[in-house]
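These notes concern the structure reproduced below.
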Amino acid sequence: MSQGPILELRGINKSFGPVQVLHDVAFSAYPGEVTALVGDNGAGKSTLVKCIGGIYPIDSGEYFYKGERVHVSGPRDAAALGVEIVYQDLALCDNLDIVQNMFLGRERRSGLVLDEDSMEEMAAKTLAGLSVRTVKSLRQHVSSLSGGQRQTVAIAKAVLWNSEVVILDEPTAALGVAQTAQVLELVRRLADNGLAVVLISHNMNDVFAVSDRIAALYLGRMAAEVKASEVTHAQIVELITAGRSGELGLKNGNGAAS
Amino acid sequence: MTTETLPKQENADSALGGHVKGYLERVKGGELGALPAVFGLVILCVVFSVLRPAFLSAVNFANLFTQGAAVAVIAMGLIFVLLLGEIDLSAGFASGVCAAVLAVLLTLQGWPWYLAVLAAMVTGAVIGLVLGSLVAKLGIPSFVVTLAAFLAFQGVVLLLVKDGTNISIRDETILAIANKNVPPVAGWIALIVGVAVYAAIQFVQARRRAGRGLVATPVAVIAARVATLAVVAGIAVYVLNLERSRNAALVSLKGVPIVVPLIVILLIVWTFVLRRTAYGRHIYAVGGNAEAARRAGINVDRIRISAFVICSFMASLGGIIAASRANSVDPNTGGSNVLLFAVGAAVIGGTSLFGGKGRALDALLGGAVVAVIENGMGLMGYSAGVKFVVTGLVLLLAAGVDALSRKRAAATGRS
Amino acid sequence: GGESGDTSAESSGAPSAAAGDAKPGKIGVILPDSKSSARWETADRKYLQEAFDAAGVQSDIQNAQGDKTAFQTIADQMITNGATVLMIVNLDSGTGKAVLDKAKSQGVATIDYDRLTLGGSASYYVSFDNTAVGKLQGEGLVKCLTDKKADKPIIAELNGSPTDNNATLFKQGYDGVLQPKYDSGDYKKGPDQSVPDWDNTQAGTIFEQMLTQEPKIAGVLAANDGLGNAAISVLKKQKLNGKVPVTGQDATVQGLQNILAGDQCMTVYKAIKKEADAAAQLAVSLAKGEQPQASGTVKDTEGNRDVPSVLLEPQAIFFDNVKDVVADGFVSKDELCTGDFADKCTEAGIS
Amino acid sequence: MTTETLPKQENADSALGGHVKGYLERVKGGELGALPAVFGLVILCVVFSVLRPAFLSAVNFANLFTQGAAVAVIAMGLIFVLLLGEIDLSAGFASGVCAAVLAVLLTLQGWPWYLAVLAAMVTGAVIGLVLGSLVAKLGIPSFVVTLAAFLAFQGVVLLLVKDGTNISIRDETILAIANKNVPPVAGWIALIVGVAVYAAIQFVQARRRAGRGLVATPVAVIAARVATLAVVAGIAVYVLNLERSRNAALVSLKGVPIVVPLIVILLIVWTFVLRRTAYGRHIYAVGGNAEAARRAGINVDRIRISAFVICSFMASLGGIIAASRANSVDPNTGGSNVLLFAVGAAVIGGTSLFGGKGRALDALLGGAVVAVIENGMGLMGYSAGVKFVVTGLVLLLAAGVDALSRKRAAATGRS
Amino acid sequence: MSQGPILELRGINKSFGPVQVLHDVAFSAYPGEVTALVGDNGAGKSTLVKCIGGIYPIDSGEYFYKGERVHVSGPRDAAALGVEIVYQDLALCDNLDIVQNMFLGRERRSGLVLDEDSMEEMAAKTLAGLSVRTVKSLRQHVSSLSGGQRQTVAIAKAVLWNSEVVILDEPTAALGVAQTAQVLELVRRLADNGLAVVLISHNMNDVFAVSDRIAALYLGRMAAEVKASEVTHAQIVELITAGRSGELGLKNGNGAAS
């Protein structure tokens, strides 16, 4: 646990036109640990994740991976580094089926031809591991899936690959009781296998159940990055809603986005 | 992680009966596939046959193929661009430019036919590369880029074939493409080989899936499919192998027109590319949700450019076929309604203009509808104005049959 | 669609019943389009149909609407339908040749109507001389300019469709007259542009821009009456109509009225009925299995053969001889002498 | 429920300076609005002026309006269909049909002009009703329906104007539309009244919003806007009021062409409809997300049909203007490139073919680009082939300027 | 509470092509009560709601409103009855701004013209009541909103109207801590005002916190409709995951969708 961060961001700024969404944000993820990223609605969590994933270009700031400064100018760069992300808006192709979505961009082939059979097998196994029992057929278009089923497909898609950093943006929002438990277990297991996992969630129970560190965003500013064992439930909620809690948090509590 | 696997829901009823039932239910449920277009086509053919018995003759059947070939080939290329939700207004005149290049090199420069054809095809590919780059890299809407190209290519054809004249094509090989037939025996052989290969592939695939414990198509179903293909294709080959010369003593005219195997090969190639390769998968992904594709690490720009390259390349083939059929190239080659008919063919076949939905086969089905309408209207003998009006109405009829059957199906929930 | 289909089946079925016992062959005619010129649908179709009906021969007259593919498709369909004589106005020599060769190979007799298919195999050729038409236009413009005593006038040329070979032939004709004048400095060459598709609306814009670029235009060589009318409507804005002579072709009602009004200098009248009758006569005797004689021959430069031909002379129409067109029955007095034009008609001696 | 209200974020810097800064930031941030199209237009004008000084003359300025009017009007109608993500390929020939109806009634039947115009407009609306119903009720893709209509209307025009002849239009009122000018004094009066009304509306609105405590446009900004409008429109009226007769002694030719106020009125009406009425809002909603609109209780079918009615109605106006300008109607009226140019105008102006994005003003801006290109190319005196090629390239240039500026802006995050 | 149901469904069947999603489902909602609809991912909750809202036509079954049999053949019919629904997939028009979305289909006008000012005022008030503080401007397109902000707009849109039945399909899935509390409070308040509220949620704490009745769907079949006070947390979880719990639930536990 004394290892350095595998992923580190410093001084990230990001604006959409006149609206500045991220102010000088610093964030790190450590191998073998689950880092929870929390914050109110609209705090900038998803924006931060998209900056990490190369979906949005950052306006300024530094991006370190394994201690080296890197430039991530698109999702391909992030994937090449070994960062795998489940986005909040899922980003599935509605006109493709479950297997096709899960292997999109990384299809297995034998020669020129797609190896549909082995992809279907692997997809079936991964989904079964996530407690999905109501999917009628793996060849169903994702447009016909229920909200929770879609989310499961997106999660399965991301964990299928050997990556070093896995970021999950509200992965359990639409999941049922059993499926949520499976995903949390999976998150813990990934970290125990040495991966760096970032979990975004509004559910404090889940956050405290699995995470080692907690980073709290408040109106686009990083209010605090703390060890989960050193803070209480109530403190985190205060950080989320007010930007500070006692010693912790932003010095200047009214740091609203201009 | 629990290791329970998904229940193999359908293995229970994998007998033929169950499969047929499943198919009927899927049809009822809206998964119509090619059915509506085929249905529209059949209605058209019946109407024309009743009004003009000549429509049903072997000659006319053969004519249908050569008449519709160029539009169908161009439409097949357009499918790629349409799958991305883009449009290529210039495909018609791109075919004209390529045909003009062919004619100039062949007739004026005296190149051998294979070099001239190669040059025409390269021209097509380069055109696609330029158009695609403008769309993908500069982000100009494809409608505008290809509208500009539509105008520019019109000019290029004029410059190549010199204002209002035309260039005759005399090379026998090129002329054969749209005007000669495959020897009847070769037609039968090709048919048998084709059906056999299809059957073999289907069986091997089913065996492999069954071996892995995945849901596989039952043997009975495969047998039924192979039989259907053999019968339909067999009838077509049989009819095309009938003597259709009006004066058989003077000249014998029988066999499958050369364009038919050409189109079948193109259909197989592009269907394979779209359905069985990663590239085809990525085309659908970009058309369905470009952002999702980008996030999945697909190089969206490259996919876009390549689709335009394929489209213009196919346009060049269409241009060569058109030049062969017309025995010449003039400034109108690829002009008038070629583009609209090609896009129309794709859409009638079931391809969506919004991207993400379409097959190579659509171009053929829709192209057949367009060709049948043109062919049938030619038999009716209307005056110009009436002919336009009736053609429009017939097109609407064909599309209406299609739309209504889809709509009925959609009422059960699918879209 | 079903209803109109039925009526048409009757109309083409009627002559077949009438001529049932004579058993002459069937004549197929393919006209090129309906936009390059008004004549195909209004005149040729009518006159040919009348001639065939009078001879009691079955016929099928269709229009390819400028579409080469459609042109070939129609030819295929006519042969399928049992035509024994095929008369075509080709859209270009290539397609024309393809159609003629295919017909010949199936034992169908062929006639080139109005346009010669270079390198083709037609048995006969019936036409007006298109270069001669252009020549009349050029000479007509010279006459009008001379009447107006124009001094070193600037001439604008509004040519036909760049994709239409006839437009090229017309241009050869009038340039043959005008070029020497340019060279000698009598006339000054002004803007010279083609009008895609013979589109009158575009012609308006193109001429307006010619006039903007070169405001001193003193004569307009417009390749047909539609283009002429487009030029006249632009000139009207500047009240230059009538002051700047404009030519035309086809002797349309619009063109003749513009001549009567003094806005247009001349048009070229092609007695289409004569051409149609000559062609129909050939076709009918071919259909009856005869070998008709032609009056002359025309050299096919590309195929290097002499094609038996019937050639007809076009006629230039000025204010004074508009009455000839009416007398010919090409346009009726009723359609020509409407409203304000009644007086002009009297003045021009039309009765 | 807590009753805290949203912070009034922008009230602090509502001075002119703050507003200008905000505007610049928005522009930098990608909210470009009309800027790229205007930018492309300016570049085109500069290029043509340099190459052909005649381009800058008052005559030519006036010509621009009459030359571009028909396409711009048709494009304005097309915007409605495009906003829904549909297309109307038949708009060009629909304008031809309406023009033919006008000409037949006026010249052949001798109807008074107002009845003939009314009949033409009713024809347009009925055409739209039929097309819209086929699309909305039967669910046939609009591309196919309007392709069928494109063919059918071509035939109808041929039948109406009797195969290939032209029908002259001699009615003075109709001819005036595209050929006559507003008296100079009336031009000035209209300008002053227009600017005054605009100013008044802006001020009243700002006052009302401020009174309610909502973010309102500061007075200084309104003043700046009014001043800009007054100056630009003032210069235009001034130039158009210059004498532009070739021979002023013979005939005086000055004043704003009658089509200009016509177009301005149409622009205001449709902008009002799209921006200020519930109907306009629903058009955007259906185009943005038809399913969401349906769930919100909007009658999607009715919106679709009405958009086609508006489109064909505007096409009828375009047809009347075209007929007036050509002094006649022929089978090509509304044909050749009219439709492509109209759709192109809308797209160049910034309207999306995927629906949900576009303004009535787009038709005008894009129409201006198309008109300037046609106008400028007409001055260049190229041969037909070269002219086509250069036109295509120039169109690409104009669109490229537009796309590049948008792309740079999008790099900062907006799409 | 002894009142009859305002909304009642009986014997609802719904298939998508060969897949039957709802089997003979009965469901009722009572005025003044919150009915929670629970079930595993893919159980058919959202499908049922869409059938109620007229989005999907039902294959067979009866639909009663205030005791009368009605036919709901589209969303307009449902709205006319007084049923307001927040769908799981939100269904907002991305090209419209927040105010425009909230009043879509029910714009306020003065004469012909839209009354933008009063709509903006009302929207601001409603959103503020839902603890939304990070929205920069009400004239922002909804495409630029964060996941939670979008959800809030959808909720605000539905509660703006005087309806008699309000159905919320996983309304708090993407919401932050404070916002979730506000929405739950709102749900309770609506019921207390006499409305019938249907709440779909995977969060058992929330379900038990606000609901009077609980209906559990299991693989497209209604496993049980019970009073919240009469069951325990664990029983409901069992109903969700197994379809029955002791006495409660489906008699034939293996009633998997065919």
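By letter and in written order, the chains are A, B, C, D and E; residue numbering begins at 1 in each of them.
Going forward, a residue touches a chain if its C-beta (ideal position, glycine included) is under 8 Å from a C-beta of that chain, and two chains touch if they have at least 3 such contacts.
A quick note: this is a predicted structure, and the numbers were derived from the prediction, not measured.
Visitor: Sort out for me whether D-E or C-D is joined by the greater number of C-beta contact pairs.
Guide: Answer to which pair has more contacts is C-D.
Visitor: Among the chains, which one keeps its Cα centre farthest from the Cα centre of chain A?
Guide: C
Visitor: Please name the chain that ends up farthest from chain E once chain centres are defined by their CA atoms averaged.
Guide: It is C whose centre lies farthest from that of chain E.
Visitor: When the C-alpha atoms of chain B and chain E are each averaged to a single point, how far apart are the two points in Å?
Guide: Centres of chain B and chain E (C-alpha means) sit 47 Å apart.
Visitor: Which whole number of Å gives the spacing of the CA centres of chain A and chain C?
Guide: Whole-Å distance between the two chain centres: 74.
Visitor: Using mean CA coordinates as chain centres, what's the chain A-chain B distance in Å?
Guide: 44
Visitor: Distance-wise, how many Å sit between the C-alpha centres of chain B and chain C, to the nearest whole number?
Guide: Centre separation, chain B to chain C: 38 Å.
Visitor: Residues of chain B touching 2+ other chains?
Guide: Residues 7, 158, 163, 337, 383-390, 393 of chain B each touch two or more of the other chains.
Visitor: For chain E, jot down the residues that touch at least 2 other chains.
Guide: If we look for residues of chain E contacting two or more partner chains, we find 16, 132-133, 135-136.
Visitor: In chain C, which residues are in touch with two or more of the other chains?
Guide: Touching at least two other chains: 34, 41, 45, 162, 194.
Visitor: Could you pull out which chain D residues touch chain C in their complex?
Guide: Per the stated touch rule, the residues are 52, 54, 57, 59-60, 63, 67, 70, 158, 162-168, 170, 179, 245-247, 250-251, 253, 322, 325-328, 330-333, 335-336, 338, 374-375, 377-379, 381, 383-385, 387-388.
Visitor: For a test of understanding, state which residues of chain E touch chain D in their complex under the given definition.
Guide: Touch residues, chain E against chain D: 53, 55, 74-76, 79, 85, 87, 91-96, 100, 104-107, 109, 112-114, 117-118, 120-121, 124-125, 127-129, 131-133, 135-138, 182, 185-186, 189.
Visitor: Would you pull the chain A residues touching chain E in the complex into a rising list?
Guide: 16, 19, 39-43, 45-47, 88-89, 132-136, 144-149, 152, 170, 173-180, 202-204, 219, 237, 240-241, 257
Visitor: What residues on chain B touch chain D, complex-wise?
Guide: Spelled out, the residues of chain B in touch with chain D are 85, 87, 89, 134, 138-141, 143-145, 147-159, 163, 337, 340, 343-344, 347-348, 352-354, 383-393, 395-396, 399-400, 402-404, 406-407, 410.
Visitor: Mind pulling up the chain C residues that touch chain B in the complex?
Guide: For chain C paired with chain B, touching residues are 1-2, 4-5, 8-9, 12, 31, 34, 41, 45, 60-63, 65-70, 72-74, 76-77, 79-82, 91-95, 97-98, 101, 105-108, 119, 161-168, 194, 302.
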